[in-house]
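Scrolling down, you'll hit the structures one after another.
In the two complexes below, chain A is the common chain; its partner is chain B in one and chain C in the other.
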Partner chain A sequence: MKWLVYIAFIAISLAAPLVFPAYTQQFSALWVLIILAMTWDMQGGQMGYNSLGNIFFFGFGMYVSAVVQVSIAHDIGEYTYAGGINVFQFTDGQYFTGLVLGVAAAGILCALLAFPLGWILFGLRGPYFAIGTLGVAIAAGEMVGTWEWVGAGQGISMPPFPGNPDTAKFVLYIMNMITGMVCFAVIAWLYSTRFGLALNAIRDDEQKAEGMGLQTLWIKRVCWAVAAFFVGICGAIYGNTVGFIEPLEVAFQTIYLGIFMVVAVLLGGKGTLWGPVVGAIVFHTLKEVTWTHFLGWQWVALGVLIVVIVVYFQEGIMGWLQRQRPEWFGIRVESREPEAEAAT
Partner chain B sequence: MSVITKFTTAAALGAALVSMPLSASAEEFITLGSAISLTGKYSTNGLHAQNGYDFAIKKINDAGGVDVGGTKYKLRVIYYDDESTPARGAQLAERLIAQDGVQYMLGPYSSGLTKAIAPVTEKYQIPMVEAEGASRSLFNKGYKYLFAVLSTSEQYLASAIDLAAGMAEREGKSPSDVKIAMAFENDPFSLDVRAGVADDAAKYGMQIVVDDKLPRDLSDMSATLTKVKALKPDLLVVSGHSKGAATAVRQIGEMGISVPMLAVTHCEAADVTGKFGDTANGILCSTQWAETLTYEDPFFGSAANYNEEFKAAYPEYADKKVPYQTAQASAAVWVFKDAFERAGTLDKEALRDAIAETDLMTFYGGIKFSAAGNNVAKPMVLRQIQDGIYNVVAPPEFASHELQWPRP
Partner chain C sequence: MNVVNGHAVIEIDKVTKTFGGVVANKDISLKVQEGAITGMIGPNGSGKTTLFNSIVGFHPIDTGSIKFEGNEISKLRVQEIARLGLLRTFQQTRIYGKMNCVQNMLISIPHRKAGLLDIFADHRAEDRERAEHLLEFVGLYEKRWLMGGDLSFGQQKLLEFAMALMNEPSVLMLDEPTAGINPTLINGLIDRLKRANEEFGITLFVIEHNMRVIMNLAEHIYCLAHGELLAEGTPGQIQNDQRVIDAYLGAH
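Here is the complex of A and B:
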């Protein structure tokens, strides 16, 4: 049964852009949200640390990959100079080498950066941690925004994908999909190990976890590094999908994706494996519909959605399912209410 | 339980709606697409631009539409709200082209959004005529399908620097004695204006005493103005779209800053005379277009005529200036009409070539594109607010009034 779900999920993911090629970009954006939601839930759901700054790695990865991709062929300072009149071109070889190196560098550097950052931030708890991480993301956006070498507020136009636009979208979709699936597999595996239990122990009572001999600071940092790795890669691919990156609204977009990932997790169900995935799918669909059919009212619709989730539906979709149908999640229930028995 | 039902229904409904693209009926309509800022920090100007598009489209449709190879077509536009963010803009451009089947694009508002959307239109080889993206960095990427009817941003305040140099000479000083304070919003447009000002200032050897980058969504620049108060520059330059202009004029009034020359972009769009009255006097405003200029074409008539007709159609502008953002948006629509009629076909490649060959005189000024896609046939003008009236003071060939110096 479990494997059937996985196979169906992979098949649908592969088939989606082939059956509805016009929507490939939307599916790509959906994967981005899924990856961000899954990695957010590692801290927010499983470990009990509500980070508002995961978007930092998204932007950092995006900029790392942009710098690598441009530098491979041109001087980045000249490329981004505001008054520049030179025309810059990339060969196919430069583009693809740049893309591979850029994405790899983004993932690795983000993961490495999570350690020193985590060393500072994981001393904070609760709302202090949330605001601390948010501060990192905002500060990073403002700093990159004044750094002329990477274009400051002008941003960077990414090298264009050589060839057919449909191929470009498909290639980037597949990159997103593979990142998402590997990310899911890694997370699912982590949750099945002692490491996953340690995360839950930290969430439930950090003092006790430490008292039992868990190296909590180390565990928290590893957890964040794993998330940062995937978020960085995801940001790098996203930069290439959008084609133009700039610090405040594309890279370190705290109030857009930075919040959407949290909403998606809350909607899908915090602290569950599938919750972030389901939440991201439902949220993305809702958003795409309301966003274009209530022009000008979309933010109101989003606000209402957040209020409804937080006030009436805290357990999320998967949390609700888990309560209604525990046997689907391998939870054995000794005695159930008679009418529920009759219904099944 | 009921909440869940609502969610699932909404989700199902959503899926159904998403999978139903708007089909563009090609029998009598030419469908243009545009992602425009209806919310967010650029919404004031996004709306000005949208009104400009809609005004021109209505006027063209009322006059019978566009004659393409003997068939009459009406124009229409699919709009989405890009929320003033580039990431959303790029996504919506993709959506317009891939899902809604749009073949011709009108530009968004601001250089930043245009920079985000141009790679998408270029990728799909969709001609885009844009009216609101002026940064030079748009025209050094080798784009073939991007055409801009407006002058590039380094020209916005070039005349102000020339005027400052002229005034220094009149006072018996050298232009290199001129001290400039600059405050620019940290966005692609303003930074390009800044690069232009810096180049011009370097040409005269002027000293730049303040060079501040201000945050987006500019609502406070008192820190910069405090420095200005202390350093007493000869010229203060501010650029930050409508919000920047409004904030600058408001705080200059509140803090009692006095500089002999003050040059600002986007005065009309921010309606500084209406909002701040006398405080706005003496400000130099760069403009792409002014209703007092003598440009003319057979369809819209003179610049003054456009101004009147637009105010009649949109009464909310009755006691405001019609901003140039609106005029150039209308001009962009006109470029499409002209190109469609010359191309004589709806084929986007032929249309692209026809647009590239555009050579028009319009109410908005001359329109002729360089190989890079920017308009090289129209200069910028500089107006000064004199007793609440915008009068053209530079460049000399367009000037109708003398510069008032120093600023009252």
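Here is the complex of A and C:
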């Protein structure tokens, strides 16, 4: 049963861009939201640290990859000053090497950066942590916006994909898909180890966890670094998907994806493995519908959705399903135990 | 009980702890003998929990020294002390509410034996077995798939005790283990505490308001009043100590 779900999921993911090629970029955007939601939930849902600033790693990863991808062929300062791809060219080899190195560097640097950042921010609890992380993301956007070397507020045009734009979309889609699936596998594995329970223990009572000897600071930082790794990679691919990056609306987009990832998790069910995936799919679909049909009112519709979830549907889709069908999730309850029945 | 010749595993020397103007502990010196059950009594607000908090590193002390197995621990952090094998339970009872009893147990394995990367290991079959065995030991086996937060207060106390045993501490400090436990179950709990001491070889240091329990359990008892050490001795000596009777027993 479990494997059927996985196989169906992989098959649909592979088939989607082939059957509906016009929507490839939409599917890519959906994977981005799935990755952001899954990683957000690991830390917000499972560990209880609600971050509003994970989008920082998205933007940071995006800029890291841009710098790497451009620098492999040109001086980035001259490149941005002269207006990028209008003047400079990339060979096929430079493009692909740059893409691979850029994406890898984005993931690795984001993960490494999460350690010192976590050391500072994880001293904060509850709303202070949320605002602290948000502050990091906003400050990063503002700082990059004044930094001429990386194009400041003008942004950077990414090296163009050599070849047909449809192929480009498909290649980038596959990169997103692989990142998303690896991310899911890593997170599912982590939840099956002691690490998963350690996250939940920190969520339920961090002082107790410390008192029992758990290395809470290490666990929290590893958790954030894993999230940062995938979010960074995701940002790097996203930069290439949109082709032109700038600090506030694309990279450190606190009010768009920065909020959407949280809403997707709440909708799908906080603290569950599949909740963020389901939530991202439903939210993305809803969002696309409202964005096309209620243009001008889309933010109102989004606001109403948030209010409805927060007020009436806190458990989310998977949380609700878990309550209805606990046995599907391997959750055992007292009365279903054979021994207990025999005893009564 | 041969207290004088025993080896002290916790040595507290002239510890003072103040909160603003409140002197919660004043110049307290005491010892916990290895392998024994030591008791601590005292009226509400006399500083018992504060002393526990100081020992396990929950807050820094103002002056004095706290030694565990001969080493100064008053500057160590909470986790470091727990990982030395010195563990406490909480007066308010603290368990992981949104995890079931088995999960509560599995995450309470002795982390002091673990390196940083061991947190990524799978749950071992022997840990699961021990978890179920200890839940059985405290009488929660039937409830093992219930969420910690769904247990009654008394059951949560038992779960917290089982979690502490799971951690294989060498010294366990219990803050009012029988508070909120149904009187008919108290005898069973006393029995389990004694077995934890005898069979698992865990040194116990127990805060208790229930006189019958502490007199039955402890070999040596300290009595605090107004943050100071008022008296110490065997249960018999404490029961007959006029200062204790005035400060504490007499008050009831």
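As a convention for this text, the second predicted complex is superposed on the first by the 327 of 344 C-alpha atoms of A that agree within 3 Å, B and C clash if a C-alpha of one lies under 4 Å from a C-alpha of the other, contacts with A are read in each partner's own complex, and residues count from 1 in each chain.
Just so it is clear, a residue touches a chain if its C-beta (ideal position, glycine included) is under 8 Å from a C-beta of that chain, and two chains touch if they have at least 3 such contacts.
Predicted model only: the values in this text are computed from it and were never measured.
For the composite obtained by overlaying on chain A, chain B and chain C can both be accommodated side by side without a clash.
By the touch criterion defined above, A:25 lies against chain B but remains apart from chain C after alignment on the C-alpha atoms of chain A. Touch criterion met: A:216 reaches chain C, while chain B stays clear of it.
Shared-chain residue A:145: touches chain B; no touch with chain C.
By the touch criterion stated above, A:208 is placed in contact with chain C alone, chain B being left untouched.
When the shared chain is aligned, chain C comes close enough to touch A:190, but chain B does not.
In the overlay built on the shared chain, the residue A:4 is in contact with neither chain B nor chain C.
Judged by the touch definition given at the top, the superposed model places A:311 against neither chain B nor chain C.
For the combined model, the angle formed at the CA centre of chain A by lines to the CA centres of chain B and chain C equals 140 degrees after rounding to the nearest 10. More residues of chain A are in touch with B than with the other of chain B and chain C.
Here's the short version: in the overlay, chain B gets within 24 Å of chain C at its closest Cα pair. In the superposition on chain A, the residues of chain A contacted by chain B and by chain C do not overlap at all.
The touching residues of chain C, when paired with chain A in their complex, are 56, 58, 78-79, 82-83, 87-88, 90, 94-99, 103, 106-112, 116, 118-123, 142-143, 145-146, 148, 163, 167.
Of all residues in chain B, those touching chain A in their complex are 3-4, 7, 10-11, 13-15, 17-19, 21, 38-39, 79-81, 83-88, 90-91, 94-95, 98-99, 112, 115-116, 118-120, 122-124, 135-137, 139-142, 154, 185-188, 190-192, 194-196, 199, 213, 215-216, 372. Interface residues of chain A, counted against chain B in their complex, comprise 20-26, 29, 81-89, 142, 145-146, 152-155, 157-158, 160-161, 165, 168-169, 242-244, 246, 248-250, 253, 256, 282, 285-286, 288-289, 291-293, 295-296, 298-299, 308, 312-313, 317, 320. Note for the complex: chain A touches chain C at residues 190, 192-195, 197-198, 200-201, 203-205, 207-216, 218-219, 222, 271, 331-334, 337, 339-340, 343.
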